[in-house]
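Below, subunit A partners subunit B and then partners subunit C, in two separate complexes.
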Partner chain A sequence: MNAPVLELLVGGVLLGGLYALMAGGLNLIFGVMRVVNFAHGEFLAIGALVTVSLVAGAQAPYWVALIVVPAGAALAGLVLQTFVIRRLADAPLIMSLLATYAVSTVLVNAAILIWGGGYRGLPGVLSGSVRVAGVDVSVARFTAFLVAIGTSLAVWIFLRSTRTGRAIRSVAQAPELAIISGISVERVRNITFALGSAMAGLAGVLMAPTFASDAQLGSRFLIKAFAVIIVGGMGSYPGAIAAAMLLGILEVFGGYAFGQVIGSALLYLVMLAVLLVRPRGLLGVGARI
Partner chain B sequence: MTGPVRVGPTRRGATAGLIGLAAAGWAGRTAAAEPLRMGVALSQSGNLADSGELFKRGIDLWREDVNGRGGLLGRPVDIVVYDDRSDPATAARLYERLITNDKVELLLSPWGSASCATASAVAEKHKRVFVNAGGASEAIHLRGFKYVFQSAPAISAYVAGVAPVSKAHGFKTLAIVSRDYPAARDMTKALDKIAAEHGLKIEMTEYFPAGTTDYSSSIARARQLNPDIWIGVGYPNEAIEMVRQFRAVNYLPKAFIHNGPAQDDFVAATGKDGEYVIAISLYEPVLKTEGNAGFVAAHKARYKSEPGYYAAFAYQGATVLERAVAKTGSLDQDKIRETLTTFETDSVMGHHKVDPKTYVQIGLKGLLDQIRGGKREIIWPDDLKTADAVLPMPAWDKR
Partner chain C sequence: MRIPLLILALGAALAILPFVGSEYALSFTVQLLMFTALAYSWNIIGGYAGYTHFGQVAFFGLGAYVGALLIGAGWHWLPAAGAASLAAVVLALVLGGAMLRLKGSFFAIGMYGLARVGENFALGFDGITQGGTGLYLTPADLKPIYAALAVIALALIYGTHRLDNARFGLQLLTIREDETAAEALGVRTTRLKIAAFMISAAAPGAVGALYATYLAFIDPATAFAPMTELTTIAMVLLGGLGTVLGPLVGAVLLSVVNELLWSRFPELYLGLVGVIILGAVLFMPRGIVNAVARRRWRWSAAPRAGLRRLADAVPAADTGRRALPETAPAPRAPDVSVRST
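Let's look at the complex of A and B:
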């Protein structure tokens, strides 16, 4: 029996799109601020739950969630940055890691208190498939994929061609020089954290139609998102996209050939291999973005 | 580590009055009685936190009931609750602590086969009675343990309806796609046996690790092998995401059977796409079993929803333990053990009876439901049927 290569490839690439979406904000925040944000998954989960409440509960159109949720997430990110992360700016990496882990635990439990312990969904939103070249392509996943690529590209262009973007990059690459040049590191960090959080919120909005949303939705993806940025190279945008696709494809083909347990394990084996052989990642260039 | 949460006889909120009345009821009779302390570790965080919370509701409702009845052996029941973080090793450690440190007098079961497997081993080591209310896996009881009794339905009961439903609708082939955990391995064994006896063919057997959210590779294989039935066991989010993904890639087996759709969340989260899916249920609020009407009413009053089977598992298990202890008339673990070996009783899920050698549950039978018009209708067994099955499932665009 021949493997349905095209179907598996499409499945893998679209799965990669979801991983890229999840990894985007995480990568930006690490690249600029050296903060491994463990609460990223909870921003995503709460984004998805708010989306369900807005669309299935309050009957708002889906596009409203696409605007409101990332905006709300940006604001929440700014609050977190102001009250927690900023205070740990010069502390060792482990401090912000522990702090965001604590925030993540608080957020999970807050979400359980608000939305309960069960699963929620968005039936009828972006559901169904379109048939392209003999393969049924999921509308929801294709949309998420396009948005993941689009957002990554937009952020990349923003970082390259705008004044603020260049300020962000200079803070990432040489904070001392940035300060001497009159760049407000504080402002850059605020913008970065808000932007990264907005990306998590957006990922939540786009994942709500596909997955069973609950307070722990993010934690089911977070490890894979870390795998993506480790393989791609922490802080590297094109690297993260390439790694997300690679890992998505590997998981689906591996799952088909050897079963899903091995398929998932392959992903972590690649991560391990990259850490051992090329710790800065496939396209990682130190910590540049 | 988090400290124990005491679920004592007083509670906040709307239920305070109710409990107050209940408390007043037994206060007269048991004014001087020291509370009977029971211990449980269940998942309040980690990947089983959602279903663990529903399981805990069953324990809470039972505690209120038993205290309303005057307590156990004339003493009010107090429960020490720990969070096992959905981790079987943590569960084992916490049961060790409940027994040696907290010195609880009776143990309640954790939620999930994995934690029940480790916790029951600790109980056995200390010669403490352990009524397994949360683990369907039969493997838990095949280790020669003397103090461990299953009140949860054994996994073979889950799939007992597969052969008759297949026969009625002319289904010949199956694909098994389950979360990789002990209950699933047991289910596969049970299905292998059923398949051999009834001439069904198992086309593929796949397991996926906990936390899996993508089924592309399994769907691709199933599309090629084209089994009549896709059957799996796991958690509700997995069933929700499977159906979503079936719909999203335009794949449809003739029947999709899973235990997840037995939870109300499934219907709300999948809408029209979840219609015609078959739920492995084991418990339904409409069952005319002993005490069920009261249990459903109490659950509705307290949680604004009907109980699903997670809550029923807990309630059934606690009730079995309560009655066995009451029948024994003492907390002597060896005497309670002796009682449980042949103990039979009826509670919300049905008739409790264990195999006299392994203490695997053999009294409880499974149900198969089909989601129809947003509700679960019982389609098997025939004597409990509330609707005729519509199979094969109608095409996605014909609904």
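Let's look at the complex of A and C:
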């Protein structure tokens, strides 16, 4: 029993890194906009599918996708923010939710029209394996983890110590005070939306070599990212990273013990339990970044 | 509005249809009634209480499975639908306490997750549900199912008409407009929200069971179809959130569009519903009913709907029945975990 435990643990941490990147972006957007972007998952799914098309279809090197896709996602996020979310700033919350849900539906169905409904893999990219903590791990997964967790931590440092990062945090915590202090809320929202969307796109690129991608990938990951945010504490960026690791490990162990179906439902049940026992989340500090 | 008269007229038309209409007309009307019932149920929690509910299909799917399994065990479809409705209400009660702590986005996504988990469970527990293969039932006669759906739909229209003028409905509207303020006024928000949630789950449970009977088949993809969810929301939004006639107008309109498109371009239909929702949100958020009634098309130009409703109600309160919500002793601290400004 010793070997699988270690393997599962490593597998869970590797998965957790991707959740951290995905949930981090979602949490960032939520913190500033107070809206969960339902299309966030589609940025990830379409990011993964574009990566497959670029690398397997157009024979571009993988690092090109690592740059092009997040940039494209940032641009798409900016378009969504400018033409949809911003116009609904004064409308009741339900309107912006329905709008992002509608955008998500349109994107999923557009992706199905373009890439078909089936799964697409990207074999042969970053192949081979390395030994990590005494466990053989594929290079693709290990790279994905390193880039994901590195980016998540870089964004955290950016939020903590740069001028723009502090502006983002102030808009998240007290928009009125931010305006009084001369911060352009509009600009901060644009930056946040672009950054969060780019993080989702990057997560998609990183997932493409290891996970089979399909158009419906987004909604499955969105629910997990949501569980991560609830467990970690809404609006808490470090909480999201910690919870991502925890839930990644939990999902892998749960999947091993009870099978795949219950394993992924487990995250949802944990989320429900957290809501009942400690609704602020593990590192819950109210609405903060 | 003379809603009761309208309901009587609708009831008469629905009663005559089976004798004069074709099988096709009957089948179309079954779908229309089904979505009307779903739309009115969604309207209670989504339109009146203002909680964006993306998980109604979870109750629908649960009802479909409970109904199908009971019918498989030898029950008649009518008590099976009743039991399915009860199961959905119990699930709403159990989940309500946890889910309704969530506001706005998080409630939406949490309920959305519930539907996907339900689908996972239906696939995973294949010893009971036959997994992806689905459950097959012996086909039942269409007309009694039609009648049951007609009764449910008309009852919901009438119920919404009553709700619109009742204290309960106004209290739900205050929750929609400002939950903290409602609580401070003494509205027992948690209790009311859970009650509204349970009421809004009852019909989807029953309709799910009736749908399974109608199809004589159910599988996870059909029971928890996102299309059902999306179409329902689009209907309410298009007709008018939190209005008495909105869901009916939206249901009729989209059912016709559905009928025209779904058969010919099934791959475009869902995306198109997305476009319809987006268009409605951006250009006509108050819905057809309100647009016709007030010629106001934008949120920014109009005062907050619920507060105006209350303000309207005060001068008209000759009987005192439409007075402001009761002031109860010692408002509870809000069990709020997200500030949703």
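Here is the rule we go by: the second predicted complex is superposed on the first by the 271 of 289 C-alpha atoms of A that agree within 3 Å, B and C clash if a C-alpha of one lies under 4 Å from a C-alpha of the other, contacts with A are read in each partner's own complex, and residues count from 1 in each chain.
The rule we apply is simple: a contact is a pair of C-beta atoms (placed from the backbone, for glycine too) under 8 Å apart; a residue touches a chain by one contact, two chains touch by 3 or more.
Quick caveat, the model's predicted, so the values are computed rather than measured.
> Superposed on subunit A, are subunit B and subunit C clashing or fitting side by side?
clash
> For A:261 in the superposed arrangement: first (subunit B), second (subunit C), both or neither?
Touch partners of A:261: subunit B and subunit C.
> On the A-aligned overlay, A:94 touches which partner chain: subunit B = first, subunit C = second, or both, or neither?
Only subunit C is touched by A:94; subunit B is not.
> Check whether A:43 is in contact with subunit B, with subunit C, with both or with neither, and answer first, second, both or neither.
Touch partners of A:43: none, neither subunit B nor subunit C.
> Just checking: does A:112 make contact with subunit B only, subunit C only, both, or neither of them? Give me first, second, both or neither.
In the superposition, A:112 contacts both subunit B and subunit C.
> Thinking of the overlay built on chain A, is A:102 touched by subunit B (first), by subunit C (second), by both, or by neither?
In the superposition, A:102 touches subunit C alone.
> Please indicate which partner A:220 is in contact with in the superposed arrangement: first for subunit B, second for subunit C, both, or neither.
Once the two structures are laid over each other on A, A:220 reaches both partners.
> Regarding the shared-chain residue A:237, is it in contact with subunit B (first), subunit C (second), both, or neither?
neither
> A:275 in the overlay: touching subunit B, subunit C, both, or neither? Say first, second, both or neither.
Only subunit C is touched by A:275; subunit B is not.
> Please indicate which partner A:8 is in contact with in the superposed arrangement: first for subunit B, second for subunit C, both, or neither.
Touch status of A:8: first partner only.
> Would you find which stretch of subunit C runs into subunit B in the superposed arrangement, from 25-33, 151-159 or 295-303?
25-33
> Touching subunit B in one complex and subunit C in the other: list those residues of subunit A.
105, 108-109, 112, 219-220, 223, 259, 261, 264
> Touching residues of subunit A toward subunit C in the complex: what are they?
Going through subunit A, the ones touching subunit C are 30, 34-36, 38, 84, 87-88, 90-99, 101-106, 108-110, 112-113, 175, 219-220, 222-223, 226-227, 230, 234, 259, 261-262, 264-265, 268, 271-272, 275-276, 279-280, 284, 286-287.
> Show me the residue ranges of subunit A that touch subunit B in the complex, using the header's touch definition.
1, 3-4, 7-8, 11-12, 15, 105, 108-109, 112, 117-121, 123-124, 127-129, 131, 136-141, 209-216, 219-221, 223, 251-256, 259-261, 263-264
> So in the complex, which bits of subunit B are touching subunit A?
Residues in contact with subunit A: 45, 47, 49-54, 180, 206-209, 211-214, 216-221, 223-224, 236-238, 240-241, 244-245, 247-251, 263-266, 268-274, 396.
> Report the residues of subunit C in contact with subunit A in the complex, numbered from low to high.
Residues 46, 50, 52, 54, 95, 97-99, 101-102, 104-106, 108-110, 112-114, 116-117, 120-121, 123-124, 176, 226, 230, 233, 237, 241, 267-268, 270-271, 273-278, 281-282, 285, 299-300, 335, 337-341.
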